[in-house]
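Several structures are given next for inspection.
Here subunit A shows up in two complexes: once beside subunit B, once beside subunit C.
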Partner chain A sequence: MHISEGVLSAEYVVGGYVAATALTAVALKKLKKEDIPKVSVMGAAFFVSSLIHFKIGPTSVHLTLIGLTGIVLGAPSILAVLTGLFFQAVMFQHGGLTTLGVNTVTMGCSALAVYYAFSQVRAKLAGKKTLLAAAGGVFSGLGILLATLMVAALLALSSEAFTGMAVFFSISQGILAIVEGVISFLVIQQLLRIKPELILGKSPPLTRLHDDR
Partner chain B sequence: MFIIDRIAYTNNLTERHPAGKALISLPALVTILLADSIYIGLSVFIIISVLIIGWAKIKPCTYIKLLSLPFAFIMVSTLSIVIILHKGSFNPANRLINIGPYYLGVTDESLTKGLLIFVKTFSCITCFYFFTPTTPMTDILYLLKRMHVPEVLRELILLIYRYIFIFNTYAKTVHTAQKVRLGYGTFAGSLHSLSMLVSTIFIKSYTFSGKYFQALRARGYEGSFRVIHNVTPIRLPFLTGVGVLHLLIFALVIGLPL
Partner chain C sequence: MIDRYANLDSPLHSLDPRWKLLSLFILILVCASVNSPPAVFFAAGAAVIIIILSRVPVRFVFHTLKAPFILLIVMIFFLVITSGGRPLFGLAFITVYIDGLRMAAIICIKALSIMLIFIALFGTSRLNIIMKALSYFGFPRILTGLLLSTYRYIFLSFEDLEKLFVAARLRGLTLRKGIGNTGTTVNILATLLVRSYEQSERTYVAMYLRGFSGEFRTLEEFKAKPIDHAKGSALLIVSALVLFLEYFLRLKR
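Let's look at the complex of A and B:
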């Protein structure tokens, strides 16, 4: 899901960083200080989950879980995506630091889109758990497709030579979208059974920072 | 555990000022991106590789292992540039496969373009390999602080960095346990196992974050970690060396005979 170093030209790199900075600034405003440990722990959980490779036929894909990130974290999911991509670039050289901005925008936007779509149906389907989980799964799959479309469009726009790359990329990501949708469905189902407040978003913070009596 | 993290604390440049190392890799990176040529990309790749092996004293075999990490990923993107989709009139010598009215093929142009992207990407990665694996995370955070990255963001990076190691161990253990019990034997089974693994990581980390926050509050956490940074200052000989290096690269770019 990420564009690697040296592929995009300078104007796209700069544009990506500008857009990513704007998104991050909004997310930072929405983040309460007492949520920092929660966002960081969940961010790490997403990062680790995305390290697990999954065999499909001859190839193996790894999950991105951006849909689930959006659903569980809401607006601060941008921060989790940004730091996750930062670590992927620093530790594994997947993606890259110059393309960090662009990648944050494409993946963060789809996380936000999934969050928005899911929060629309969450209240209506709160009683019907399987249906809610299915909605979450479908949205997560669509989220991957959205991110894929954005990346493919960027590649095709930045240079004509990348059109083939964009097509190839879209096909491989289409498969991932289906797997990701199914996994998200199953995970949401499990979470609704075991810890529903993670999905339904009614969790009171265990301790507050500034309500000391 | 992660190879890069181990190297960060054991190489020859660990104690150097992070900004000093960034002063070497960033301009080189910009040069590669702007010059857009195979020749410059290769030259910078060689220069930085010599620095990594000779100066940072990262063992050549470790360095090759590092380079091989993103290799498959880059190979896929390069191949998808080299092999192009074409419709209509097309030199038959270049055709590989016909799909209806379309042809998959390789042209001289696409080969050159693919090679250029391959070299550019690899030399960019080399530039980062001069910086990231030689610098411990605390130094990177210090640099981010000096760059006025918001405190909350740095806090998140610090905490996520810490948790990645904890949860990775946990995830690996559970994954092995599932594998041993043939949890990944069938396709349906692996979907089920993977979703169980992901949801346990979430639940575990969610509970953990609550406890962690309470523990921090009990120790006087006010929303920020204060870390002492010990950095050695950048000295003049170092700066001169960096200047000479970039002059050398610049001379390559404008094509001076050396």
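Let's look at the complex of A and C:
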């Protein structure tokens, strides 16, 4: 879900870059050395996963997995979003270089919002795995709606002529939000079964090598 | 892969990566910011000349542009029928608007020019060289390092995913059409995430043992010759001309 090249006017392109720079700078400042490989390897895994097509009835969709990225990576997820969008532009020419800033802000904020919401319930629901996975699914779906709202608002604000397009876009993304919510729920449920620390956020023993700092 | 033809020989391939990044990035931003037909058409002409000069094969360019162009056309279709303004003609419950059509044409040409320059930028240098040029302009090294290692792991993740699908097929889990597919795909996805997570732990340990300090280093050195300054300046002048066409004509009106 991203705005294509050539649609936004200069002020939105520049504004997007300024906002994305600020978000990235904060994320980089907070990034711990031991999280660097995690962000790049998991960022790559999420990028590749988002290319899988799910057959839903007669059609197939591919997901953004933005909520799951937020839940697994936490605050550094904004860096994974930025790199993901960059490679989507470089490898498939989707999104684009001029809209990289704006898209990073809309998708990144949605990942952060899902992370924040999920971290509020994580400790309380740690014992009830299905409920926790359901919360993750619902937040992921809502995350898509949040990003959709931001994109639609940007389109409608940048030109009145885009209002109709923004409405069509929102409807199609609304359907995606439901699919994304369900798939995120299923993936979180499976992860809680086989590797709970990915979702529960406890650092595994190997990364505690760093205790000598 | 976009940098498949990064080893050819052309005026763009030989241009100093710093100049290439600076001048083409500015040109891309300028292309995105103009709206008047003369400026847009001039920029499109410049983009076509640049891509011809880059000697990236035409078939590759078309192949790269196909998917984003189809997406663009779908989006543009909605713009043409919902933009409002003066109607051109109506078919059943669909009305095509002149203003929408005009806007759509401008967006299409702008997007195509940007994509062409984008291919000229990323198709004529290897990605690690562009990253090095980015850090020359003050881009945080840790971010370029992250981008490069993500790039590497994208290919490894693809391989992993491929293996998981093959394994699923060998176990007789045929990926049926319809909702029945979802369970298998979810399991494959979860396994890919777990494998990557474990991989990232091993990577960190390996990096830690080799004395990783949080910074990525490269051995490439840049040397700009006079011809690079000339070519880079020429590209900047093209950007200036596009802006001139946009604002000069607006003032004249």
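As a working rule, the second predicted complex is superposed on the first by the 200 of 213 C-alpha atoms of A that agree within 3 Å, B and C clash if a C-alpha of one lies under 4 Å from a C-alpha of the other, contacts with A are read in each partner's own complex, and residues count from 1 in each chain.
Operating definition for what follows: a contact is a pair of C-beta atoms (placed from the backbone, for glycine too) under 8 Å apart; a residue touches a chain by one contact, two chains touch by 3 or more.
This one's a predicted model, so the numbers in the text were calculated from it and none came from an experiment.
Chemist: Aligned on subunit A, subunit B and subunit C: do they clash or fit?
Modeler: Here the two partners, once superposed via subunit A, clash with each other.
Chemist: Which partner does A:39 contact after superposing on A: first (subunit B), second (subunit C), both, neither?
Modeler: The answer is both, since A:39 touches subunit B and subunit C.
Chemist: Looking at the overlay, does A:115 come into contact with subunit B only (first), subunit C only (second), both, or neither?
Modeler: The answer is neither, since A:115 touches no partner chain.
Chemist: Please work out whether A:139 is in contact with subunit B alone, subunit C alone, both, or neither, and reply first, second, both or neither.
Modeler: A:139 sits against neither subunit B nor subunit C.
Chemist: Show which residues of subunit A both subunit B and subunit C reach, each in its own complex.
Modeler: Shared contact residues on subunit A (touching subunit B in one complex, subunit C in the other): 4-7, 9-10, 13, 24, 28, 31, 33-34, 36-45, 47-49, 52, 54-55, 72, 79-80, 83, 86-87, 89-94, 96-98, 161-165, 167-169, 183, 186-187, 190-191, 194-195, 198, 206-207, 209.
Chemist: Over in the complex, which subunit A residues touch subunit B? Could you list them?
Modeler: 4-7, 9-10, 13, 24, 28, 31, 33-34, 36-45, 47-49, 51-52, 54-55, 63, 65, 68, 72, 79-80, 82-84, 86-87, 89-94, 96-98, 161-165, 167-169, 179, 182-183, 186-187, 189-191, 194-195, 198, 205-207, 209
Chemist: Spell out the residues on subunit A that touch subunit C in their complex, using ranges where they run on.
Modeler: Listed in rising order, the residues of subunit A that touch subunit C are 4-10, 13, 24, 28, 31, 33-34, 36-49, 52, 54-57, 72, 79-80, 83, 86-87, 89-94, 96-98, 159-165, 167-169, 183, 186-187, 190-191, 194-195, 198, 204, 206-207, 209-210.
Chemist: What does subunit C use to touch subunit A in their complex?
Modeler: Against subunit A, subunit C makes touches at 1-2, 25, 28-29, 31-33, 35, 64-65, 67-68, 71-72, 75, 78-79, 81-85, 99-100, 103, 107-112, 114-115, 118-119, 122, 127, 140, 142-143, 145-147, 149-154, 156-158, 160-161, 175, 177-179, 181-183, 185-197, 199-205, 207-208, 212-214.
Chemist: Which positions of subunit B touch subunit A when the two form their complex?
Modeler: Checking each residue of subunit B against subunit A gives 2, 4-5, 29, 32-34, 66, 69-70, 73-74, 76-77, 80-81, 83-85, 110, 113, 117, 120-125, 128-129, 132, 140, 150, 152-153, 155-157, 159-164, 166-168, 170-171, 175, 184, 190-192, 194-199, 201-203, 205-206, 208-214, 216-217, 222-223.
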